[in-house]
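What follows is a pair of complexes built around subunit A, which joins subunit B in one and subunit C in the other.
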Partner chain A sequence: MEAPLTLLMVVAVTIRAALFRSSLVDLVAERVEVVSPLTAWKRVVEGLALLDLGVSPYSGDVFHETPLIIYLFHFLVDYAEITFMLADVITAVALYMAVKDYNRQVFRKQKFALEADRYPPDCLELIRSPKEMYYVPLKVAMFYLLNPFTILSCVAKSTCGLNNAVIALFILSTIKGNVLLSAIFLSLATYQSIYPLTLCAPALLYLMQRQYIPVNFRRVSFWWFVVQYAFMYLGSLFVIICLSFFLLGSWDYLPSVYGFILSVPDLTPNIGLFWYFFAEMFEHFRLFFLCVFQINVFFYTIPLSIKLKDHPVFLIFMQLAVISIFKSYPTVGDLALYLAFLPVWSHLHRFLRNIFLVSCVLLACSALFPVLWHLWIYAGSANSNFYYAITLLFNVAQILLVSDYFYAFLRREHHLTYGLYLKRKDGSEATLVLK
Partner chain B sequence: MGLLSDPNRRRALINLLTRLNAPICVVCYMAGVAWFMGLAFEPFTLRTYMSENAMGSTMVEEQFPAGERALVTGREFAAHKKKADGMPVDWLVKTMQAQGLEVFTQSFSRTLPFPDENKERYFVKGTNVYGILRAPRAPRTEALVLSAPCSPGSSNNQAVGLLLGLAQYFRSQIFWAKDIIFLVNEHDLIGMQAWLEGYHHTNTTGMDWSPLQGRGGSIQAALSLELSSDVITSLDLVLEGLNGQLPNLDLANLFYAFCQKIGVICTIQGKLQRNDWDSVSGYSHAVQTMMLMVMKQASGRPWGDHGLFLRYHIEAASIKGINSFRQYKTDATTVGRLLEGMFRKLNNLLERLHQSYFFYLMPSLSHFVSIGYYMPAFGLIAVILLLRALDLWVQLVTPPSRTEDGIVDTEQQASPGVLSVLTPLVISHLTGVALYTLPIRFQEMAVEHFPVSETEAVVLTAIAIYTAGLALPHNTHRLLTGEGTEQGWRVLKLAAVLYLAVLLGCTALINFSLGFILALTLVPVAAFITPHVPKVLSAFILVILSPACTLLFSVFFFQELLEMPVNFPDGWLLYLSVISQGILDHSLYGSLVYPLIALLVYPCWLLFWNILFWK
Partner chain C sequence: MAAYRCSYSAVLLILCICSVSTAIDSEETTLTGAHHVGEVDNTQTATETGEQTTEQPVVEERRWEAIDVEEATPGDSDIDEKDTSAPETIVPLTVPQLKDDFQEELVIRPLHSGDIYASFQFRTLWETDFMKGNKVSHYRLFPKSLGQVISKFSVQELHISFTQGYWRTMQWGQPFLPSPPGAELWVWFQDSVTDVDGMWKELTNVLSGIFCASLNFIDSTNTVQPSASFKPLGISNVTDHRFLRYATLPREIVCTENLTPWKKLLPCGSKAGLAVLLKSEKLFHSSFHSEAVHIRPVCQDLLCKTTSWELRQTLNVVFDLHTSGQGKREWSLFKMFSRTLTEACPLASSSKIYIDITDNPQWEQFELSPATPLLSQALVLGDRRTFSVYDLTQQITFGTVRSLNLLIRWKSNEGDMLRPLLHAERYVAGYGLQTGEIHTLMYNNHPYRSFPVLLLDSVPWYLRLYIHTLTVTSKGKHNKPSYIHYQPSKDRVRPHLLEMLIQLPPNSVTEVTVQFERALLKWTEYTPDPNHGFYVGSSVISSLVPSIAAMDTNSTLERPLFSSFFPCKEESSYFVRIYTEPLLVNLPTPDFSMPYNVICLTCTVVAVGYGSLYNLLTRSFQIEEPSPGLAKRIANVIRKVRGVPPL
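This part shows the complex of A and B:
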């Protein structure tokens, strides 16, 4: 399996290197769909220039990346292209290994269940075979590396690629069961963009499942583990934040990075839901709706963790999707990370209902973004409503996609307990209806 | 969520759509065409009205008196032009300076990728002369442009004369709040391109020009004047610009309002408007006018010197004086008054023109069809593609015996390899790239080996590559290892249909006419083609409806609309020159039609060609 993966990486790096040399770079680096005010490379360069002049990079309103990123590029600015390509490769390899490990566990669990005769007899066709699972990790890596969204993001040198790498490493260390590394990478991801905070829940659930600690609020072992993890997580977060402080010598970066993420002052159009809303809104409602919009990202953690407490990896996927839909400055790079997980759930395809519709809409929207942008900004014949309409459609499609996968996952679990061919009480065939 | 989640209703809907797919598609196509033809029917259109307040209610009094003097200046200009055999730069500079304008010149040069046989030019070198009348009443942050081309021969001398006359008259007025730039451009669009690039500090087409020494504010609106006779019978308004872009409808309204006020006969597409909309001939007249606009817009070329302004977000139109055999004549003074009135209203603008429509078609100068009315015509045709895609999808995911929603038999056919779909996609796009790059690159080689001129070489190479693409299915099949399966062509067709839908949708948004014409011809092909239809007949239909043949028919149709029908040999020559003009427009002004056809539409059509010959 290593040979195809290596080949894939070579292909991916070649594509990126070729694009870096082409004239597309400048075009892509300006696209609002690909870079946000947080992740734009142009702003990182500006921050570096300020740093070199001995001015705090956060003194203007241009730079909003974290201090660690700017010090990273302080040394690596000449090798930026290689860094971004490397980040993509690391993400892909981490996801590859994580999914491989996860599939092994799924298979083992399935074997135990089969031996214990826990599945209803007509569910055999739902059982996953090792043959179909064999190529899943490779497909995951391929979905990430060859996804046009990832390629665009990498070519634009959007720092989103680095965030994705950190999150992928977090997923890998969690799935491998390494508590300390998982906490450290999670704190790094949180430090980078706050929102991965919600990944705390699936990580805890997964690690406890792995160590056979029951999720029970009355058990001491449960609370002991939570405290342990929280200590490691908060401790490393504290260390990173203090490190940033000592690097810069001031707390400037806190309002400039996290304040910027949470209070959304920059309303440059992007593929998210915030900009149009807050551009239209009266100033005195702003705070209220800001809370409403931001709560969206965090709130779904609770119901999802309750519903999916036995399936933390699927929960990670759901959380990543929710973050990328509802975060304040989303880019296509965020999308690419959760889209990479789709091959892992390829066994759910038979239960998906809207996949055709949704993929058509996503495809059409991706093509319409630049067209409507052109009509709005350059030709002046369309206006922001046209662009926002497409943004809205794009997000609705994403939500439909995620909820479709959620439904399909739950439905498969239901069938695995109650049998595939459901009967009504009078013996006729029944169908499941979601109401 | 009812429809999306209730399996019974979904199944009913999908069954209906798949069972009645063919009839629904036919009905949609007919309805789309009927809707489009209905757009020209006057009760279905809206009357134009002025949306911009700043130009609506304010009264302006036109007093321009010096039409005769302008004509004398025009004659003087003609004499100097003849003497200098080109642009009389010194004379123009002196004259403009004498009128108290700030005068500047800009020289430019450009080598065309291949000789332009229509205008007989290859290496172009020229000078633009422009004078700026500084606004006495405002901070000079905005500007208006009046331009007249310095054309070869004896045409457009009156336009330059009138431009100079207006400059002198405007100079004596004190109410100008915007700079007014009087521009005389040489070599029509090439000069205009150089001037606009210089004005906006961009260089998109790699032309050599000297930087502008003087600039005004940001240009709000521009009018381009073409006048070749001392008296005229009517004025014609030209709106279509680069890539089918149109100026704000208010500019057309303004022109129409002043023509009504001053009593000048005005036309659009050279067609008068008629009042007998309820008669057959009245309706067909409106259809002709609208179809002319559609054809011109679809061509994506600038139809007047104003066409390039639109790219810079400047509302612009060309006004052409027409002298026919009609009895009633209008003199230059009246035309001058009309322009004065328009400029004074534009001078009143507080913002850029944005109130009115940017997407419209005009069946007559007083009526228009807005985007909300004409898009359904395109939508009805485009929805056929989605219906076919849905049908294919259903065939692909469900084997015949379907039991429950989602629960299907597992005995699926072996899914077609990615390779069998990817190979035709890649190969047809490579053909497209060849069609885009090779004609210009290989012209020298072609001239060496064949007895043709450079222009012919380019056009004939393009046609040759286009035709060579038809041999493609055999080549793709040779590359493929296995047999093409039933599933294989379905997947390929699904991809091709969706590709075409997205492509046409995007095209129609930017240039409705082009999108609609392509949809009209390509959608039927996309809908019916399978490997199982009779080969020879379908191949014939496919070729007839291919983009190149569409262009050929369009050429004949356009001549028919202009009431200048041509016989086949002339039409063929015209067709060749249209292709060369298309390629030139792309490299000179950045028109997107040629790359769109070569890089996207043609490969997409090749995919359907491939499906027909699927083994």
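This part shows the complex of A and C:
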């Protein structure tokens, strides 16, 4: 099992190294789908140049990386390509190991349930076999490493790859049950781009499930664990923020990084929903809609946690997808992270309703992005609405994809409780509807 | 013929005096600001014979020193003083009790391109003190509106210019007073001011009212504080650039409504003196038009015990007579301004017209009528120029017809201009609306000397400059700037400011390139014609350029040998400021007709996301119970009415 992974890594690194040497690098690095104002490598270099000139990188509005990133690349700027390839490999390996561990647990749980005879008798075809689960971790690593979105993101040296690595390490340490590391990596991810804050809920649920702590608000052990985790999380966040302060000697980075993420002043087009909406917004409604859109990202955490409290890993997937769709400066790199989880849910495929349509739309949109961008920006024969229309369609497709998986997951759980072939009262075959 | 002989003797005399005066100056190095070298007014020599040549230099030398006493101010240090002031005449300080003084002059220079450059300067000097909260209420020559502005806003120095058209340095040479296209305003505040930004905001609004211009569009997004390029020109103890504000409005269009308030500031208005020539329908029918107001404190005497305030109003016009003159190459005051001169401004202590005849010593290029016996020589922009002078305060100038209509008739149209030693141009490279590159080319045409230039660039925030892409190359080699001051922009708050000190190698082109990214703005931030593009103000290049006079080896031949071995200081270099073209840059635009649609569509997508998740979160799976068909339901209702059990 380790040999295919090694081979995969070699192939992935070779592709990236070849692309780094090609003339595509400059082209990819400018693509608005691949880099956002937050993650562009050009802006990292600009921040380093400003440091060299003796100007604070946060005194202007070009550099929005966190101080740790700028200090990382202060030393690694000559090895940037290796760093980004390494980040991708780390992400893939972390996801591989996490999914492997997760699958083992799923299988164990399924075995207990089978032994306890908890499944209805006609559900046997829903039971997952070790054979089909065997290649899932490898497929996850492959989905991440060979995904064109990841490759583009890596070739453009988008710092999104580093954020993904941190989140992947967080997932790994959570699934391995390491509370401290999980809290530290979560705080790192939050520090990098606020939104992973919502991954707090699945981490708590998973770790409690692992330590057999019931999710019950009246139990002291529940609250004790929450306080423990929150303390570790906030403590490491505090340490990181103070460290950043001491590195630069000022708090300038707080408004420049987090203010920039939350208030969306830069309307450079990207694949998200924010840029055109706020470019066309009436000024006196701006603050209102800004609040609505930002709350929207965090809003789904609590209802999803309640609904999926027994399935925290699926909750992580859902949260990653929601963040990637509704965040203020999304790139295809964010998309790649949650797409890597799709092989984990391959057993849901029989319940997916419109996977074909959605995948066609996603593919078509990915192809149309550069085309319509060219027509708008270079040829001048289209206008901004064309590109905007594609971003809308792309996001609708993502939403449909995620909600489809969510539907399939819930439906499978329903079938595992009530049986696969449901009958009406009169004995005829029944259809299942949401009510 | 008499005039010719007179001018000949005058030239001889001038050369003699110049050599003496330069010798004196090289000894008296403590004399600062001795720019007005060779300033001779030959009223006496015209009536006297050449016998006095042994005694004359002594007399003239004393007069020359007197000029120094009058003109020199400690503020006129080399870099600060602009040599652009046209030759000054001697102001006899006979009436010191008046304490204010007005001078007017017009310099006309026929350009090699066949155009005519006319430069008006009006100077009001007033020995008063606006500083330290002094309440000044009695105004005579100085305009009250500006006096009140100075005292209310604690202004140390104020320079404002309105320009229509671009000065073509390669065709026309250096202007006496440079100005960028559009409006330019720079102000030094006194160091007692605490809230400089607030003062600046109010001041721009007040000036906007005074000059009927859109100066109220100056805000923090186009104001910068240059650290080195703009130093005070008058006497000043403030050098901290926190008290300096500089802004340009390259889009500003200058027209009659700006000229009228400008004319009203003159003591004689446009009723008498040179200002009668300022008819707007002619002034604006020109290739280049620039009007400016400069206020600064200057010294009253050499020891600088008292200061006076100088208001200098200038107006520069370039008339394109060659193309509009129906093929005839001749011009007159009447043809240019549709007016002739009949009198000087009665309030003026001096009122003169200078015609630049340097390139025309033998009258072979053009002929000038009426002829004047008066000649003057001055070092203008490092070049020794000769001028014919018409003194309007003397009745004899107007002749028998009681009006002066200067006429120049061209004889030949050859003749070449010495290329300006410093010249710059700028353009935007790249295609598409995503990125671009600003190229600034600076030409050093001096054959053997290199000199440093200060380049100031103020770029609006919506062109995001990437300073790491900055390259400076001359002669194919990387040229590292010895000083860089860079202030990155803040979105919607302040522009980029880039100042660099670059050494230009001799006879070379230096290219400065920097890449930028075009931002997408909010739809309300675009100008009413967004596809016209956005203007980026001119770069400002300030430099000490080696003087042409010092370069000229021929002049050393006619000088005494002892005076010419070491190049003397005031001739070695002169200060020059040039402005490049403003840039016009297109930005990507959203569709302006779409706000409702976009709000609806995007909200729909968010609602689709919310709706589908809400659906799955709140509902549960249930077996569908098919509802009975419509016919069956109706039948059941009827059966119920009939009291029969339903189907």
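Keep this in mind: the second predicted complex is superposed on the first by the 433 of 435 C-alpha atoms of A that agree within 3 Å, B and C clash if a C-alpha of one lies under 4 Å from a C-alpha of the other, contacts with A are read in each partner's own complex, and residues count from 1 in each chain.
Rule of thumb we're sticking to: a residue touches a chain if its C-beta (ideal position, glycine included) is under 8 Å from a C-beta of that chain, and two chains touch if they have at least 3 such contacts.
Nothing here was measured: the structure is a model prediction, and the numbers come from that model.
In the superposed pair of complexes, A:Val55 makes contact with subunit C only, with no contact to subunit B.
Using the contact criterion defined above for the overlaid structures, shared-chain residue A:Val396 touches subunit C, although it does not reach subunit B. Once the two complexes are laid over each other on the shared chain, residue contacts for A:Tyr378 go to subunit B and to subunit C alike. In the superposed model, A:Glu132 lies in contact with neither subunit B nor subunit C.
When both complexes are overlaid on chain A, the residue A:Asp122 reaches neither subunit B nor subunit C. With both structures placed on the common chain, the touch criterion links A:Leu363 to subunit B but leaves subunit C unconnected.
When the two structures are aligned on the shared chain, A:Arg350 is found in touch with subunit B, with no touch to subunit C. Number of subunit A residues touched is higher for C, counting subunit B against subunit C.
378, 400, 407, 411, 431-435 are the residues of subunit A that lie in the contact sets of both subunit B and subunit C, per the superposition on chain A.
Residues 30, 32, 42, 45-46, 48-50, 53, 55, 59-62, 265-269, 273, 275-283, 289, 293, 296, 300, 303-304, 307, 325-326, 376-378, 383-385, 388, 392, 395-396, 399-400, 403, 406-407, 410-411, 414, 422, 424-425, 430-435 of subunit A are the ones touching subunit C in the complex. Of all residues in subunit B, only 1, 4-8, 10, 245-246, 310-311, 313, 352, 354, 358-359, 386, 389-390, 393, 404-408, 410, 498, 501-502, 505-506, 509-510 touch subunit A in the complex they form. Those residues of subunit C whose C-beta lies close enough to touch subunit A in the complex are 431-435, 461, 464-468, 484, 486-492, 496, 517, 519-524, 588-591, 594-595, 598-599, 601-602, 605-606, 608-610, 612-613, 615-617, 619-625. Residues of subunit A touching subunit B in their complex: 125, 350-354, 356, 360, 363-364, 367-368, 371-372, 374-375, 378-382, 400, 407, 411, 420-421, 429, 431-435.
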